[in-house]
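Next up: the structures, one after another.
First chain A sits with chain B, and in the next complex the same chain sits with chain C.
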Partner chain A sequence: MSQHVNPVEPFLRMERMPHIWCPGCGIGTVVNCFVRALLKTQVDIDKVSVVSGIGCTGRIAGYFRADSFHTTHGRSIPFATGLKMANPELSVWNFSGDGDLIAIGGNHFIHAARRNADLKVVCVNNFTYGMTGGQVAPTAPLHSLATTAPYGAFERPFNLPFLADSSGAVYVARWTTFHVRQLVKSMEEIMHKPGFCFIEVIAPCPTAYLRRNRLGDGLEAMRHYKQSSKVVHGADTRSVDIELGGPIVVGKFVDRDRPTTLEAMRDELHKSLGDKYVPYPTGVQR
Partner chain B sequence: MATAGRDGEGAPPRRRLRGEVFIHRERCKGCAFCVEFCPSQALALDKAFNRKGYHPPVVVKAEACNGCDLCGMYCPDFAIHGVRVGAGVDDEG
Partner chain C sequence: MEKRIGIEASIAIAEAVGLCDADVVAAYPITPQTHIVEHLSEMVADGHLDAAFVPVESEHSAMSVCCGTSAAGARTFTATSSQGLALMHEILYIASALRLPIVMSVANRAISGPINIWNDHSDVMVERDVGWVQIFCENGQEAVDLTIWAFRLAEDPRVSLPIMVNFDGFIVSHMVEPLFMPDREMVKAFLPPFKPLQRLDIDNPISMGPVGIPDIFTEAKQVQQHLLTQAYQPIVETLGEFAKVFKRQYKPVETYRGDDADVLLLTMGAIGETAMTAVDQRRAKGDKVGLVRLRLWRPFPFEDLFRALGRIPVLGVIDRCISFGGPVGPVACEVKGALYGRKDHPLVVEFVAGLGGRDVTVTDFDKMFDALFEAKRSGKVPAPVLVGLRE
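Moving on to the complex of A and B:
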């Protein structure tokens, strides 16, 4: 009997289904992968917290049956940072879209990476603001069309893995919603990795991005991901820009170790205060 | 044998993983990810509609399914998943 229950269901607030995501949207796929990673790593769900901001991807926190937080626009990282500071034993996951995380919350993103806050950040990048009607996003590829760029986007988009890498993230990977097994593996890898871990997931937005750019539906985008993505582990993040309809370099780009905020604080204060400093738990086992 | 755990009765002579797909028709939004990326081509879109007006998937080659659950990982609407059968599942009868 239990076989008839989708393995995702125990992790979701099923009373809120059906969700708002459009047919062909890739966000549900990311949720599937996260649940698979949770099941495989056997972590205690009471020690997992999901935070997200505003937007289509921001709905993940609302649908997830864990201690979840649906924050104000762009502020998912500050909330998550505070949550982690106060509860160092929590595994804090941050699901946000590109608009929320990189545009409105861009400053928080680079600073959390700089100080190596112990967060797992998953950015579902669909190149547009889906929920509000397809405005041009800071990730929109050059020449792509949007409601606020009817003649084509002319501003250079962010290269998210490079942004995270140069800001100091300890783990940077990029996958598409086609690469489900690899995405699960990446999520498993960062489940217990201390520090600022960043995964960019390229996802189709059939309603606001694909349709406006004549790129077909969600399935067409998935076929495109399958055909034109190249797995290059350890690629130089400067070389992984995305162009409209061009190849997508995916893979695990960065995996390094740096002390987290709480570890750095402990070490620094211990150095200056000596035994007067009462250690604060870091939540990190090295 | 090198591959343990396949000692159930009536095991086919050719070693092949078997699986079963469970579909929640009313939840489906007809994106066809499962149909497109099923490695065994065991699925197709139904001609009939569900209540919301989408064409949910149906199993067309049940014997081809190996229970890899790739459909379950792709499905953005949590409407389908696969499980592996045989190899230990039948133990309790």
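Moving on to the complex of A and C:
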């Protein structure tokens, strides 16, 4: 019996299946890649925590068989920050949609990157608010259609890798749900990398985005990702804007080191207090 | 002429906002309110409504934008639910303190956790004290009518306060029902152009929202208390004028077959309609039961409530929310507070029903009436009842 179990299954709360994601949705692919990365890096699942906010991607925390927390809209990063600060041994993974992470939670995103909170942040970017039915999001490409932009979005969207890079993230990559191997590799790379690591995953929302924009179904999106993606490792993040139906620059854009919040705090306080300083949390070596 | 059409309440509410010629709509998506602002954004995009639609990044921003546009003298509308209303919380106080006549639809929905997108009143009950006029609707027609009325009342110079029009999420918001859609001429006759009491104006500069030092803070709060209490009279007047134009009369407190009743049940919102069916069934069996439907929540309509209750010996109050660790139901607590010190006040039996979208059926009301008759017989008030609780 056991040899027929899908290797992903032990990482999922199977009692909660079937999931709510639509056929052709990209979120399941992201979960799948995360499991592959966990299997390859052989990390102790008891030391992994999954945090997510509200929306379709927010459901990951509910389906994933790890210590997980489904927070309110936009607040996954502050919750994850607290979790990591209180228990630095945990590898804290934050899965959020673009609406959750960049709109209502945008302030938290830039500040966590600025202070280099030791978090792994995966943004499933489908360019819309999927769960509420496809309203215009701050990632919606110019001229794309949404229920609240019936003749096309006219506000300039965020370029997420540039936002993360300029805010101070130590690792920034972008893949699409077509690039499963590369996505797994990126997830492996940040598994043990300290600091604010950000991966944007361009994902199809056939129901609320593709259909409205006459971009076909999930399979069509895969074709588009395959044909229009261009791998440029180390690309200048200022140059990776996404236009409607246009090319998608993917790759690892940023990989650098700087002290995490905790390390910076320890260093600063040690400088001031010398031996009187008891590193937080107690027992951790500088 | 009004036409009777079949339409989803959310769409009809958006159309009503359009008829009122709102200048600005700022909103963030949240279930089950979203259809209202989606339709408004279409109306704006199609040129059917000459307004600015602002797709903000959170409800906190939505209410902040509303304060800004209202302060500039624009007729302003937004809509929200649940967590969205909670996120607006701190700005709600600002809107009322600055006397900004914003109209907001609230499609009532439970507050997390656990996460729940379905209907109850736990979102609005925590906003009781924000200084807004607050009114409840039972169906789509009322939601349409009271949205139009809300602009009139909010902008009445005697009031100049923001107003929340509450209706039950999904149960009302998503219901396709036959309703009379007011026409533009009627709305024009009822709703004069917006003349702000005060606004930010380059030629006549004023400062809004400065610090209120201890020397004046108490007085500022007293002004708010006075204004909201005194809003009662304009509320009754404008509802009367609404009835003249649209031939539909709304009152702060409504009753149903209450005149000769032995026991009364108090409801707020859509469950009042199911309760009426339950009342009819009990009446057919010879039981004298009746309903009190509390429509106006702030300012609290004390005298209307007393008139509706008459000398009833037993009153059941249904809450759609729990005040944890406190008096169980916020509405029951309010009603009991209103009755305190009055001669021959009724026994008040508290029910909490329909939390997080659980249906409240005719059978449930039947059981509540049974409990009220039992209280009348024994003279004892039972502990608060969570209707339909599974053990």
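The definition used in the following text is that the second predicted complex is superposed on the first by the 279 of 286 C-alpha atoms of A that agree within 3 Å, B and C clash if a C-alpha of one lies under 4 Å from a C-alpha of the other, contacts with A are read in each partner's own complex, and residues count from 1 in each chain.
Quick note on the criterion: a residue touches a chain if its C-beta (ideal position, glycine included) is under 8 Å from a C-beta of that chain, and two chains touch if they have at least 3 such contacts.
Please read these numbers as outputs of a predicted model, since none were measured by experiment.
Room for both chain B and chain C is found when the two structures are superposed via chain A, with no clash between them.
With both structures placed on the common chain, the touch criterion links A:A103 to chain C but leaves chain B unconnected. Legend: residue contacts after superposition of the two complexes on their common chain; A:H73 is shown touching chain C, with no touch to chain B.
Contact with neither chain B nor chain C is seen for A:G274 once the two complexes are overlaid on the shared chain. Of the two partner chains, chain B is the only one that A:N32 touches; chain C does not reach it.
Set side by side, chain B and chain C differ in how many residues of chain A they touch, and the one touching more is B.
Per the superposed model, the minimal spacing between any CA atom of chain B and any CA atom of chain C is 23 Å. Across the superposed pair, chain B and chain C touch chain A at no common residue.
Every residue of chain C that touches chain A in the complex is listed here, in rising order: 28-31, 34, 37-38, 41-42, 45-46, 53, 55, 57-59, 83, 87, 112, 115. Residues 20, 22, 24, 27, 29-33, 36-37, 54, 70, 72-81, 83 of chain B touch chain A in their complex. Those residues of chain A that touch chain B in the complex are listed here as 3-4, 6-9, 12, 17-19, 21-29, 31-33, 36, 177-178, 180-181, 184, 217-219, 222-223, 226. By the touch criterion given at the top, residues 54, 70, 72-74, 99, 103-104, 106, 129, 131-133, 135-136, 138, 147-151, 155 of chain A touch chain C in their complex.
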